[in-house]
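Paired with chain B in one complex and with chain C in the other, chain A is shared by the two complexes that follow.
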Partner chain A sequence: MAAAPKRPFRWHIVVFLAPAVLVYTAIMILPLAGTLQLSLFRNIDQAQIFVGLENFRRLFGDPNWSVNFWNALRNNIWFFIIHMIVQNPIGVLLAALLSSPRLRFSAFYRTAIFVPTILSFVIVGFAWKLILSPLWGVAPNLMDLVGLKNLFTPWLGKEEYALTTLSLISVWQFVGIPMMLIYAALLSIPEEVIEAAECDGITGMSQFWKIKLPLILPSIGIISILTFVGNFNAFDLIYTAQGALAGPNYSTDILGTFLYRAFFGFQLQVGDPNMGAAIATMMFLIILGGVCVYLFLVQTRLRRYQF
Partner chain B sequence: MSTATHSLPRTIGAHAVLLTYTVIALFPVIIVIMNSFKSRAGIFGAPLTPPTPKTFDLIGYTTVIGQGDFIHYFQNSLVVTVASLFFVLLFGAMAAFALSEYRFRGNSMMGLYLALGIMIPIRLGTVAILQLMVASGLVNTLTALILVYTAQGLPLAVFILSEFMKQVSDDLKNAGRIDGLSEYTIFFRLVLPLVRPSMATVAVFTMIPIWNDLWFPLILAPSEETKTVTLGAQLFLGQFVTNWNAILAALSLAIMPVLILYVIFSRQLIRGITSGAVK
Partner chain C sequence: MTTKLLTALLLGTSILGSAGMAYAQDVTLNIESWRGDDLAIWKDKLIPAFEAKNPGIKVVFAPSAPTEYDAALGAKLAAGSAGDLITCRPFDKSLELFKKGNLADISTLPGMENFSDVAKAAWQTDDGKASFCVPMASVIHGFIYNKDAFDQLGIKVPTTNEEFYAALDKIKADGTYIPMAMGTKDLWEAATMGYQNIGPNYWKGEEGRLALIKGEQKLTDPQWVAPFAELAKWKPYLGDGFEAQTYPDSQNLFTLGRAAIYPAGSWEIGLFNTQAQFKMGAFPPPVQKAGDTCYISDHTDIGMGLNAASKNADVAKTFLTWVASPDFATIYANALPGFFSLNNTPVKMEDPLAQEFVSWRDKCKSTIRSTYQILSRGTPNLENETWVESANVINGTVTPEAAAKKLQDGLDSWYKPAK
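Presenting the complex of A and B:
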């Protein structure tokens, strides 16, 4: 700003920036910092006392908390793994098919497959709960059509299946996002690259694996980090389908539902803002860790091709 | 393109896969809407068939409209969504303009600061947000929700809009300056109209999560007066677990407005995504 003394202070920049920065700072950044800070305090005799890492020691060590915490973390990791191995390959497959040239009705497919993504978790959770309910019999009837009726069990009610079922419901809801982003990436591959590949006799499947897939890897990276952040922050679907207790027997408990119970209390458990803040801090660190891994390890290694 | 890439079996295969997935995507929605127009006997007797004159019944809808205060919840959702959207677009566009148009000390730091919120979810600050709202007496008001959603929507809005604002021609803005227009007039009269299509994209991206959110209405505004339609539907569904007609009707009522809006705006949304707005 060598020119600064020559021109008057540009107030309009402040005016343009102020509303966004003020709202963002006051409602997002300060509470986030406040939450991190609260996790270091305890409420003793109506006063907030600084206790250092005591809350975290309880979270990891005290069986009242740690059993639930590690369970929620494990479940959350499984939730994420299912998304990565089911949602993203399906998304890539659908996008690859959609982007094939001169495909008819592609706008229709695109619009239809994206429909679940715009619905709220409440609708999705309840609709699937009804469909999978043994009372109603839609799922058993359908499975009967293909002769698999004896494989049906009330998946949402069984400890060993409930979490995987909910993860798959969530995949069903969000598969539209990887599909769209990959589709966009595939469309942006220039015609010349494809033509050059065809001149060299690379077509069909091998063209996809050798030419297109490496070019869309950055998009797959972005989708993975978006999925990571979304999954470790998830709450609504589990809450709607299984309630705050994330039943059966906490088998679908993830960090979001655990945070809700710790913070607000539920039934016999009394709400504890400080422990809630400690859990939120852990979620923050996990998400931050994921984002850092992505930014510093994945993104710098993926080669971006400029056309 | 070589003919090998669209041989007939390949095309049929592609359609088969896409059609199968389309059925998987739409089936739960269709089955819920279809059954909401049936009598109880029809729902359980033949869940997979469309309503026939014999099974057609609107009992579910009359129960929902009689029991739940859905019109009111609907208004709350509408107020919250529209107001948050307005502030996100206005404040977001202003900040994006400042960041993309002027060179000043701390410009890129400010950009990074505002972009933090794209990756770090605002939910993690809930404990302190609730304390803040309690302290300022905003609990159980729509204002609390509007403030939170404005903060939540701003980072992505600023990020996307500043990408688009960089593309507005400098000559145009400088011509305006020579004609003696103030910076504010340049922004509102010249730049805003030119980025209107990208504003629509941002609007759609901002709107969907706000309309569908359950977490903040549950925590900040659970009172009867301020319930949004998502929270209202959640509680209503919890109360009527055994009344399948009412549940299916409530679900259909919650699906239909979103679905209608989506059909109207889907081209805008899909163009927004595929034009690389979210990179």
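Presenting the complex of A and C:
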């Protein structure tokens, strides 16, 4: 049997891939591997010693760590739930309204709603802290105008409300993203499909539920997974609004702030990069798990429509 | 043509440059610091005063941002590019630098005898044998009050707990002023201006603090729970929505004249002097019964040490000896009212409020914050937990006993006092 004619090695593929692979490896893969490695070591007498899963045993076995970890995870899940049940439906609603041909000034609304997304967390956190301030904020006065003054409480200072309040602030900031993505998805639905639906007598609300919503489901899926990743990596808003101790009484502590305190330390607490890396590894695994569930269980079942 | 001109220019500059070097035999000392706010004071007052007395030594004050200081300093020390003199944070951060060999032992430095043991404690090894920084300044806790408001309502400055609450009740009943400007949002106000402010009167200052470190007392003992019980009583006297009131909010409430009493640290004096439009006074934390010894938190906050790798160690030691002298103390304490010299020689200060604060040193016993030395090395961190629990106690979400128990349990989980 004659050997197949040897094809010349296609160097150009390697050359073209190299820049992206090298940059991505240098700034993403290596640090990630470094973090995973760091989580398996401990600093004993100024030297890094390999300790296997000891850091993880401490994180889950030692109540001083595990209580905080589970608290942060629980808060993080609540943070995510609020986003899913508030941000995404509102985003879909706004997109549906914006794509309505009868709406005037839609470009203005689109921009206005999207602007908070490009604001810095520091500005958002500080502005909302001022708005909700019981001393100088506008919220107490505005509520007074409509006779709801007695419903006002210092939301950011109460254990039972602080996390939900912060979640809603975050929703306010980021609602522009689902809106834009779904708006784009709605615009890409071909006219013929809509016309065909109208010929079949499906109009108005039922047209949205039966025709448009199924067509934008993949976009909603993408948004959900972006929200999931974003929420479990969140840190900035809590840090700017509540500080690194995520008060009151750790009620707004999420994985990001917990990681920050462990890794960099805070005030008199000396940073422990190894435990920090262990927490970062857990965050990585949680996010990886969530993304895998989405990719393998949800996305494969979403039906794709080819036009 | 141009090349020739360029060569000539280059030659000229290099000769001039080396000539300059040949004439200047001066030694230059660099100071690392996080106190960017003090740049003007160092440049205009302290450094000229030193250079006038020590010709041939130039000093450069090179601060970095407070939040970046520790990391930047660590990197510079590792790279060998750090300044000769290093501004020291109190306790463990500096101790760690000393253990790594970055800070030199200066126990025998001339001038160190000007400081008491409490003053030096922040920059000593745990056994107190080696000192590695010259204490520069401390801050004192107490209460600043609105004198106009007190006069208007006919309130005398309270000295005992009973008088303190009577005064608060009177201010509250009158309704013009918020009795006390404090919030729990930032947590540390509750712990630092609350617990650590009034606490020393209960745990008897150094006596209780050292007993706690030795393990002879526990945070659940009555003298450690009592300050929490007092904090719990403060709630009705704080402003509406104090749970979301931040530290700057509290400062503004007081300086705008809307609150009568401000649980303070002396570092506020400089700011308050420029902002408040009314007369201010100060009183030390009230004692339990008339005639009790009073204790104040006179917390060591800032010091200066010698970089062990400095090439100009001898000259730098001259500078440190000057930092330990009463001359330095006088200039520093007057330039920064509220940062008090730790020098044994009394310093004459111009600012009346600062004078009031420092006068307590004569009649009360000084101590430092209970959580700072040794006890905040582990996880959970006692200082951070004290912030959280103090705020909880004032918010009323936790009882004083439960808060104390939580702190002690956390401490027990890692701290084994030497028997």
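The rule is simple: the second predicted complex is superposed on the first by the 285 of 307 C-alpha atoms of A that agree within 3 Å, B and C clash if a C-alpha of one lies under 4 Å from a C-alpha of the other, contacts with A are read in each partner's own complex, and residues count from 1 in each chain.
By our rule, contacts are C-beta pairs under 8 Å (C-beta built on N, C-alpha and C of every residue); 3 or more make two chains touch, one makes a residue touch a chain.
Since we're looking at a predicted model, the values are computed, not measured.
Undergrad: Using the touch definition from the top, say if A:F235 reaches chain B (first), chain C (second), both or neither.
TA: A:F235: touches chain B, not chain C.
Undergrad: Contact-wise, after the overlay, does A:L245 reach chain B, chain C, both or neither (first, second, both, neither)?
TA: Touch partner of A:L245: chain C, not chain B.
Undergrad: Have a look and say if chain B or chain C is in touch with more residues of chain A.
TA: B
Undergrad: Go through the superposed model and pick first if A:F121 touches only chain B, second if only chain C, both, or neither.
TA: first
Undergrad: Of the two partner chains, chain B (first) and chain C (second), which one does A:P134 touch, if any: first, second, both, or neither?
TA: Touch status of A:P134: second partner only.
Undergrad: A:L17 contacts which: chain B (first), chain C (second), both, neither?
TA: First partner only.
Undergrad: Now for A:L268: first (chain B), second (chain C), both, or neither, which partner does it touch?
TA: In the superposition, A:L268 contacts chain C only.
Undergrad: For A:V171, select first, second, both or neither according to whether it touches chain B, chain C, the two together, or no partner.
TA: neither
Undergrad: A:W155 in the overlay: touching chain B, chain C, both, or neither? Say first, second, both or neither.
TA: second
Undergrad: If I apply the document's touch criterion, which positions on chain A are contacted by chain B in one structure and by chain C in the other?
TA: Shared contact residues on chain A (touching chain B in one complex, chain C in the other): 136.
Undergrad: Which stretch or stretches of chain A touch chain C in the complex?
TA: 46, 62-65, 129, 132-136, 140, 153-159, 242-243, 245, 247-250, 261, 266-270, 272, 275
Undergrad: Can you tell me which positions in chain C touch chain A when the two form their complex?
TA: Checking each residue of chain C against chain A gives 91-93, 96, 100, 183-188, 239-246, 249, 252-253, 371-372, 376-377, 379-384, 387-388, 391-392, 395, 397-398, 410, 413-414.
Undergrad: Tell me, which parts of chain A touch chain B in their complex?
TA: Residues in contact with chain B: 1, 10, 12-13, 15-17, 19-21, 23-24, 26-35, 38, 90, 93-94, 97-98, 100-105, 108-116, 118-124, 126-128, 130-131, 136-138, 141-142, 172, 175-176, 180-181, 183-184, 187-188, 194-195, 198, 203-204, 207, 222, 225, 229, 233, 235-236, 239-240, 256, 259, 263-264, 273, 276-277, 280, 283-284, 287-288, 291.
Undergrad: Touching chain A in the complex: which residues of chain B?
TA: 1-2, 4-6, 10-11, 14-15, 17-19, 21-22, 24-26, 28-29, 31-32, 43-44, 47-48, 87, 90-92, 94-95, 97-99, 102, 104-105, 110, 113-114, 116-117, 119-129, 131-132, 147-148, 150-152, 154-155, 158, 182-184, 187, 208, 211-215, 219, 230, 233-234, 237, 244, 247-248, 251, 254-255, 258-259, 262-263, 266, 269-270, 273-276, 278-279
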